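Below, each structure is written out as structure tokens.
Shared between the two complexes below is subunit A, which pairs with subunit B and subunit C, respectively.
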Partner chain A sequence: MNVSDTSPIIETSGLSRKFGQKLALNQVSLKIPRGRVFGLVGENGAGKTTLIKHILGVLKAERGSVRVFGFDPVADPVAVLGRIGYLSENRDLPPWMRVDELLRYTQAFYPKWDPAFAEELRNQFGLDPAAKIKNLSRGENAKAGLLIALAFRPELLLLDEPSSGLDPVVRRDILEAIIRTVAEEGRTVFFSSHLLEEVERVADDIAIMFAGEIVLAGTLDDIKDNHHRLILRFESPQASAPKIPGVLSLTGSGREWTVICNGSRAEVMASVARAGGKIMADDTASLDEIFIARAGAKNTGKE
Partner chain B sequence: MNSPAIALTWEVWSRHRKRLLTVLFVILGFALFYSKLCAAIGLNLDSANALDFLAEKAALMHGTRPEIFQVLAWLFFICAPLACMVISLLYVAWIFTFTDLNPREPFSFPKRFFTLPISTWFLASRLIASGTAAVGLVYLGWTRLVHLPQVRVFEGFNDGLTWVTLLILSQAIVWSLDAFPFTRVLLLMVVSFFLLVHPDFQWYRALEAHQLTVHLSLIIIGCLLAFAGLEKIRHGCWQRWFWEWRFPLTGARTELRGPKSFRSTAQAQFWFEWKRHGRKVFYTVCVLTAVPVLVMIPELWLHPGAESGDTTCGLCVYLLAVPLFIHFFQGISYERTMPQFTANRPLTNGEIVVAQWKVMALSAVLSWIVTLWLIGVVALVGDLSVIKATLLSAPEYQHFIRPLIPVMLLGFVICTWACGADRAWVGVTMGTWIHRIYGTIIWIVLGLGCAWLFAVTHRNTIFRQTFFQILPGLLAFLVLLKFVLAQWAFRAALKKRLMARLTVTRYLGIWASLTVAVLAPVVFVYRQESGMIALYFGILLLVPLARIGFAPLALERGRHG
Partner chain C sequence: MQLHITTDGVPIYLQIANQVKYLVASGRLAPGEEVPPIRVLAHQLLVNPNTVARAYLELERAGVVVKRHGSGTYISDNGSPLARKERLKILAQRVDALLAEAAHMQVAPEDLIKLIKDRHESMQPEENK
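Let's look at the complex of A and B:
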């Protein structure tokens, strides 16, 4: 199958999955272009890992479809998995292996494995080649997983909660540097995280998942440009949250209230004026605030 | 739950209730049916030594036409309840060593107990007491409810105090050697063997008058060691025993070994599967066969006597059973889901399956090489009088079985391989229709086996005549079913691109070669005998075919949820 460079590297369409009665993924449709860093954010149980497992072909789509490099990952595991470097959230490396065995074993599956690069990364991560995986700390385990995911310079780097277990220094200096380097080489990074600051620092595109659904997706710049944090002041103290249509979240008490809204600011301003308030400040909302506002809006049924 | 003791007991019960209930049902099954079955086949359970009874019966047959299968069936009926009793008691003892099945720390004591506000002494004493009660109850169940045959070699099984001592020493060994898994297994084997077959040792007979003192001393030492072991684990000092002895294999390794690089993905996956499953199965067979032989050889050599014939016979039967049983248990072991690390390999399901089957083939072959070598050693050193009296002098042996020994060995290897390799298609399919099919096949095989054993031991009855009349037809139907299922499975696997056409062709070649290698000599030897068609169909069923096609289909389910 010929897949052009402009076609999306990952494409899901109407992807749904149920575990018993729980709807883990609901009509998830995503297109992830090549050469970008894509951050998937969501609270625990939102469906991030389930989506990643579908991309890997570890779960078969119950409804909808998944295409990675233009292939179905369940039907063509070799064509897909041979081009993906994957770091699992569960750090499920075989505990009985030694680090050097893990490297030699993994190397056999990837013709593009770069031994010099692998050795460089091993030194950088400070991993003892004779150490058994089961004796590694959680952080070292994550580093070993990252090493085998990177050493063959995959076209797609798929990281499930990569920061989990890494200390802040490693997270900032190594992980983020690696992600940026991979992206600069024209390859694609897809990573999930609930550390929104981290996503904000490295991602080009993001998607926010909530209860199995993508509630927001787009480039980080667009999303931030479209969301505003407004500080409102009212003439008299408000006993309860003022009713302002079109806002995602409203917090505060008395006379001063903070609003997170998206889309047309003019409409919000008109609504605020009708409610008897004034806009005192207008800032760009942080990703953290956007996420909380979106999750809250989803919970209260505003979306 | 008002007290920690009740909470601990509840945890043991809730974690292992299925296993404990299985043990209970097995005991009840034997209690209800075993003595009736033995009476029906003419096996005298009141004989002072069941093996003597067997030899007498075999000698009586020599006047007419002895049926070697009848003797073998009696031997099976004698050994079956004893084997089940030993397995169930060892199983309950293992449950109360309280080792975790956490893959990161396999068979180590669960550390979470040390975060509970209970003293180590409380924990150790409750686990020892509840273990003793459970082992005692299971022992009483076997000895009081089931009419067990008496076998002199296995007299040690009929001693409740021995089982309690074994439980406490097992707890002591497991807890105090938490950091040395291989040393632990070795020591457990040696201790179990010494305790369970002690009546055979001359030096033990000298101590027979002081049995109670010996056992109580061992129990006290075991309790103290168990407590000290738990205390060490609790405070993270599990490696710091003053003697610091460990078996060399468990030592830390700093140098690198193994191939520098793998030539192919198939070679890498084979290595992975061997390290993950194959070597464990092979090492288990080695330990379970070598330790008893090493322990018994000096005794057989130094003290040859009237009873060493029984010991040799028992040891040979045990050695023949070990590879098959260990591979069978490997075959039925399962994981809820396929480990993600394996599922993420850029390999087709067929390639993963082929690696697993190759590993099990290697393990089966190596296991049988070791086992046969050890049987050879036992035959050289031991006393073969009982085996000769019951089996080797029978005309069936001389005319038919002897020329077919290499073929039978090949059959054993194939059977062992097939048992172990079943894991490839049932290992990750728990609770699915595939697992139910496998369960059905096992029940069919067990049912047919029992019916056959009953028929060969129960002469001149309508059951025997009817059974042997319908057996060829039944087996022919199973052969046909096997081919139909194999064709369906291979077509489905090829259609879904789970297996390469070349792999299928190669395996069909292997299947045909193995089947011919077993079938042709049997047909040649039995060419002038009538009524052998059932045996030929049985051989066609022996070499696995359909499951080779089913394995990648089953794996697909396990791999892709």
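Let's look at the complex of A and C:
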């Protein structure tokens, strides 16, 4: 195995950024390995797009560093941008162009553009070559953006909230594109989303972002293995939440309560027994539950 | 092979592995039958190909499927060693539902067992009686 196979596609280290008084990114350190699907999860305003703008070299690191394919994207945009297929959140395609003009225009920038593949995608997406961009529906606009991001078979596919505001049919096209990209050897996908169901389906690795910080990062398998959902039942209704230290969240009312916890359950189980509760069910938590519990824990910590 | 994936907790690779086991145990996948290639199933279910690969690895370890070199993945010929356990697990779920319904209708478990025996008796062909 040579060095380029194991070196990360994207690496940020201690990346921080302020907009006025607001800390948009706080000490973000991430490594995105080659050939995997990386899902960046967070609420609107958590800093996902700001991070993506640093990867594209649109924003310069104030503190810390960003490397993409081993290069600084601000100092060396040519070495970076020509290898990234990017779909922006705003889908900012030139509205006056026709679909076929958009394809010819974009092709000029990418020596590796594959016209046959572009045509295949255009047919698959049902895009009329004579249609003007400004007359496309929201879904067609997203598909046109996805087409030009895919058609030169980029080493890195970078999608910012690709499914946001789209119907299920178009979302399916986008997920298929992600799966197809990663199934072709050596290529990498980075996408941001607040649709946790999609992230759980397609991501190998995830990072959860909250208020500019990475609060949890790892392989999806490990994160799923380590987070548990316990259903507790008490003999008598509990007027307030029972005291169970070390859990990420505790919700419920009366006799039944739900705990989301991670790591060792032995301590949690002992605390539950001390509080007079019984564990009725012990399952793997969904990514949705993990995210809400993590974000909630972070909120409480800030108060 | 039709599988159904949800994202409400159970890891997706485990859902795939469990559903294949169920299809084998219930006879909907026959010994020697080929299962779809990893990429095809990933595309069909809209899940990461690595997840399907992990599910197939689990199934191979459990003896439910075998990989034939350079050709594909097939349901084991001699039946899975887990098949009986899995079949009993499927039946246990049905029995649980039956017991719950019987309790609602105030039928005691002893009466239910007698009913099962009676029904079994009545389903036997004439010459066995």
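In this text, the second predicted complex is superposed on the first by the 287 of 303 C-alpha atoms of A that agree within 3 Å, B and C clash if a C-alpha of one lies under 4 Å from a C-alpha of the other, contacts with A are read in each partner's own complex, and residues count from 1 in each chain.
To be clear about the criterion, a contact is a pair of C-beta atoms (placed from the backbone, for glycine too) under 8 Å apart; a residue touches a chain by one contact, two chains touch by 3 or more.
None of these values were measured; they are calculated from a predicted model.
*Asks:* Quick one: subunit B and subunit C on subunit A, clash or fit?
*Replies:* Superposition check on subunit A shows subunit B and subunit C fit without a clash.
*Asks:* With both complexes overlaid on chain A, does A:V37 touch subunit B (first), subunit C (second), both or neither?
*Replies:* In the superposed model, A:V37 contacts subunit C only, not subunit B.
*Asks:* Given the touch rule stated above, what does A:E120 touch, subunit B (first), subunit C (second), both, or neither?
*Replies:* Touch status of A:E120: no partner.
*Asks:* Figure out whether A:L175 sits in contact with subunit B (first) or subunit C (second), or with both, or with neither.
*Replies:* The second partner, subunit C, only.
*Asks:* One more residue to check, A:E200. First (subunit B), second (subunit C), both or neither?
*Replies:* It touches subunit C, and subunit B stays clear.
*Asks:* Where does A:A183 make contact in the superposed view: on subunit B (first), on subunit C (second), on both, or on neither?
*Replies:* It touches subunit C, and subunit B stays clear.
*Asks:* Looking at A:D222, would you say it contacts subunit B, subunit C, both, or neither? Reply first, second, both or neither.
*Replies:* neither
*Asks:* Does subunit A have more residues touched by subunit B or by subunit C?
*Replies:* B
*Asks:* Looking at the overlay, what does A:D282 touch: subunit B (first), subunit C (second), both, or neither?
*Replies:* A:D282 contacts neither subunit B nor subunit C.
*Asks:* Give me, in Å and rounded to a whole number, the least C-alpha distance separating subunit B from subunit C in the superposition.
*Replies:* In this superposition, no C-alpha atom of subunit B lies closer than 28 Å to one of subunit C.
*Asks:* Jot down the residues of subunit A that show up as touching in both complexes, subunit B in one and subunit C in the other.
*Replies:* Looking at subunit A, the two contact sets are disjoint.
*Asks:* Sort out for me which residues of subunit C touch subunit A in the complex.
*Replies:* Listed in rising order, the residues of subunit C that touch subunit A are 5, 7-13, 39, 42-43, 46-50, 54.
*Asks:* Considering the complex alone, what residue numbers of subunit B touch subunit A?
*Replies:* Answer in residue numbers: 103-105, 253-256, 258-262, 264-265, 267-269, 271-272, 275-276, 339-341, 343-349, 496-497, 559-561.
*Asks:* Okay, in this complex, where on subunit A does subunit B touch?
*Replies:* Interface residues on the subunit A side: 53, 56-60, 74-78, 80-82, 86, 88, 90, 92-98, 100-101, 104-105, 107-110, 129-130, 134.
*Asks:* Show which residues of subunit A lie in contact with subunit C when the two form their complex.
*Replies:* 36-37, 172, 175-176, 179-180, 182-183, 196-197, 200-204, 221, 224-225, 229, 283-289
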